[in-house]
Amino acid sequence: MNPLQIELPGLSLKNPVMPASGCFGFGREFSQFYDLSVLGAIMIKATTFETRFGNQTPRVAETPAGMLNAIGLQNPGLKGVLTNELPWLEKFDVPIFANVAGSQVEDYVEVAKEISKAPNVKALELNISCPNVKTGGIAFGTIPEVAKELTKKVKNVSEVPVYVKLSPNVTNIVEMAKAVEDAGADGLTMINTLLGMRIDIRSGQPILANRTGGLSGPAIKPVAIRMIYEVSQQVNIPIIGMGGIQHTDDIIEYFYAGASAVAIGTANFVDPLICPTLIKELPEKLAELKIDHISEIVGRSWKNEYL
Amino acid sequence: MNPLQIELPGLSLKNPVMPASGCFGFGREFSQFYDLSVLGAIMIKATTFETRFGNQTPRVAETPAGMLNAIGLQNPGLKGVLTNELPWLEKFDVPIFANVAGSQVEDYVEVAKEISKAPNVKALELNISCPNVKTGGIAFGTIPEVAKELTKKVKNVSEVPVYVKLSPNVTNIVEMAKAVEDAGADGLTMINTLLGMRIDIRSGQPILANRTGGLSGPAIKPVAIRMIYEVSQQVNIPIIGMGGIQHTDDIIEYFYAGASAVAIGTANFVDPLICPTLIKELPEKLAELKIDHISEIVGRSWKNEYL
Amino acid sequence: MIRQEDMTIISQKLIATGIYELILKGNLVNEMEHPGQFVHIRVNQQVAPLLRRPISIATVRQDLQTITLIYRAEGEGTSLLAEKKSGEKINVMGPLGNGFPTDDLRKGQTALLVGGGIGVPPLYELSLQLRSKGIEVIHVLGFESAEKSFYLEKFSELGKTYVATVDGSLGTKGFVTDAIEQEQINFDCLYTCGPLPMLRALEERYASKQGYISLEQRMACGIGACLACVCHVADDPTKKKYRKACSDGPVFRMGEVII
Amino acid sequence: MIRQEDMTIISQKLIATGIYELILKGNLVNEMEHPGQFVHIRVNQQVAPLLRRPISIATVRQDLQTITLIYRAEGEGTSLLAEKKSGEKINVMGPLGNGFPTDDLRKGQTALLVGGGIGVPPLYELSLQLRSKGIEVIHVLGFESAEKSFYLEKFSELGKTYVATVDGSLGTKGFVTDAIEQEQINFDCLYTCGPLPMLRALEERYASKQGYISLEQRMACGIGACLACVCHVADDPTKKKYRKACSDGPVFRMGEVII
């Protein structure tokens, strides 16, 4: 038995480790380093209806154990992704999560409808939480009713399961999670980045051209773990956890908190081989901890709470 | 002219650097290391009406560039603080911010009323944002209307200016800030800790006995800077900034973001001399950056935005 | 007085599987007197690991101005510490806490020193000081396995030394309590340091005896300011009295606090 | 092919105020060909500093299997790098990006190499390679001050070398553009690397000439995946075309991208 094999709504994965959206492009660059077929899945860069250039540079800034980014959803647009990126990815034996973004409901719906027809797209990841887009973006991710409506509309048109990516920049993450579950979401992915800023000491100005950006990396892991711990106890759909994962210990921590799979973002920039390395090390770590199958430990931190 | 001397509602400080509440006890331990009179002010440990033991241990856990704590407002209670702690602090030439906490409105009001009469208490810091107390605590800090009501009631009884300490665990920090400004708050202190968790790999259980805790330290600085940047543009009361300060560069960054003074929390645990060291180094840093007086640079990041 | 100092590493040696012996030199040694006190170490100047690490003082050599620490390299901080080489400096705060009282016993009486794993190191200086007062010492040291045991010869030079290992690879198979019973050891005062379950077992068995336990707690400040490391006081119906392991402890009279 | 390797530090020297020369050895050197390419360095294995640091390759010695990097120790990452000693290992990813094309010029033609501050290093390998093709090289190097200048003799050995310093402590007082005008330098192709204002000034003045600029941008991945380092393409009315400094650059034909 493969101790890493997992089943999620709409897809069966050879392992629970996948690169997070926006940290892996459409895979081309990383295919120089390894065969992408080893991955559990790939979450591709956000796709919007129109081609987008995104924000001005600088678009990244380092922070203590973290980084800020304000890429601004740069992507080749629905047509570009359907024509050039997804077909290229077909040569790998790996399911794709298509990260769907937009400025208005119609954009999301149109992208979801079309991209969910691509043969290797096995699930959508509804990005209602990108902090770096001025129009709309963030509101979808912070008002439960709005998130619910959007999720419903996307569910109506999608040919594949829909996962909703939650923003951590909210007072009540459980409320958001329940709203999208009610709307029919098949799963959750969390967390997106925390809104942050860094100011340059010489110029007195924010380093990012967009001024604020999204905080990712190890710094945010405790916030992500806490949110997954809270949400996983209150919903009945699986969670793909992310935020600062660098080691197999981090993966185990996410599972204990309540995640059923994990995604690796920022760490890909530090070590392009991080995903295959973690996939390789994970069975050993499980053996060391006397865990037969990774699914056993989903939510262990709260399932054992009253033992 | 002293380039560090600043004026805040209700107090005139010889410098803008003070230890943050809960990270300095009532000063006794640090008085072994240096003369507390060098400090701009002292924010003492939260005082509640009753004596509190707080949470079970473990109460702290380390995280990447940060730490979690769930002390649970352990303190000797109003009477203990008035009898033993504040009189002892009188031997130092340093104004005290009394951090006021409670589980219900009446507690806050009672503590505020009495503690604001102490001769060395020059301001109150209303702690509406402690994430580690089960009853009430957090709600005061996340619902604008509730925060507003509480602030009004405390303002009514306080003999000294009232600063309100904001929680970062909210969707809209500006809304919270405006609510307490409307209620008559004289200033803001921000940020309190982000709610987080860490799970032990061996046991599968959260490290903290309280399960969740408050994240502090360098990891949270980008979030604090962003919030102060947003809030300082929307309110007319001064902000005392805190979150991960370790170097004079960090202090400058907080001022650029919009803070008028700063507090040092977690760094006191790493280096008990951090406050006097930063106070000593700050004039040099200002000279290097060609800043005549620290007040000049409050909000520079957004004041120059359209130059 | 508690101070911070950049102490110089004189030597760093692997003495058992995962266990290092670190010798540090500096003026701070002048302040160190009591066995059972500890130092708080900053392993680097970066933001991670953020907090200091508490490590007991295993021996003090005033003549050489050195202290010896023995620690297990396991997590992030101690693993980084293990990479340091002699000649490098390391920031140390100390001495912290109150040590084991050695005045309760008279010459000729017997002290039983019971250590478990990384609780063993502070007992070495304690044993030295008790011996120098003419007190007889018996050691019972518990380890996971033979390969993780250390300082057995050194302890043997000071007094009878029994060992228990969980896997039975050395001495009695089992826990220190098994060894004590097996050897039917008699003593006037118990001194112990190690994992909580061990301390609890000893406190229960020897409740009627005089003894001191050294308590491990997760710490932040190490000086009594943050209240991370508190424990309840025994027989306190208000449940509001407390002691801080860092500044009131880490050594407490058996029965003084709830463990 | 791009790879990661733990390269060995052969030497690390302070060569000017705040400027270090670092020589690294490893198999990765086999992959390095083009002047203007860079490596992406992980200064330690901790979580902070989190990101790699991009540093240009200043020279390659295939025979010795070494590369030389020249960098300014200023921020957190480069300051930690400066503490490393020979014998230590350091994780290097590279070679990254496309270098300066050297095929545009014929033997006997003249190349003008203009560098500013830490933009100077990649020009050294470029100069070596141009010279080996029989192309004449002229260098104009700008620094803040004499004490921050470096490699002047080495450049002089390859061709005429003019210096400009902001404070006038060496060569022409002012910027590289002042020096070029003062010396009335003629050339067939311009190669330049340095701060943005310098690049802009050169592009403006020599718009009609052939030339290549090497662009600095804040980077995360360094391999073209994160889109941190993009720039707009010139003459693109849609404003949606872009180039990535890390993988399409860092060297661009003058006028190709908006800087």
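Order of writing sets the labels: A, B, C and D. Residues in every chain begin at 1.
As a working rule, a contact is a pair of C-beta atoms (placed from the backbone, for glycine too) under 8 Å apart; a residue touches a chain by one contact, two chains touch by 3 or more.
Remember, it's a predicted structure, so these values are computed and weren't measured experimentally.
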I need the common contact partners of chain A and chain B, sorted by label. C, D
Farthest chain relative to chain D (centres taken as mean CA coordinates): C
Going by the contact definition up top, give me the pair of chains with the most C-beta pairs touching. A-B
Using the average of all C-alpha atoms in each chain as its centre, how far is it in Å between chain B and chain D? 46
Counting in whole Å, what is the centre-to-centre distance of chain B and chain C, each centre being its mean C-alpha position? 36
In whole angstrom, how far does the Cα centroid of chain C sit from the Cα centroid of chain D? 54
Among the residues of chain D, which are close enough to touch at least two other chains? 47-48
Give me the residue numbers in chain B that touch at least two other chains, ranges are fine. 63-66, 217-219
Building nodes from the protein chains and edges from chain pairs that touch, which of line, ring, star, complete or other describes the result? complete
Of chain C, residues touching chain D in the complex: 46-48, 80
Within the complex, which stretch of chain B touches chain A? 63-66, 68, 142, 169-172, 194-199, 201-202, 204-206, 211-212, 215, 217-223, 225-226, 229, 244, 249, 252-253, 256-257, 289, 297, 300-301, 304
So in the complex, the part of chain A that touches chain C is made up of which residues? 64-65, 218
Chain C residues touching chain B in their complex are 1-2, 4, 42, 47-52, 76, 93, 217-232, 238-240, 242, 247
Considering the complex alone, what residue numbers of chain B touch chain C? 22-25, 28-30, 32-33, 45, 51-54, 57-67, 69, 71, 74, 207, 217-219, 246, 266, 268-273
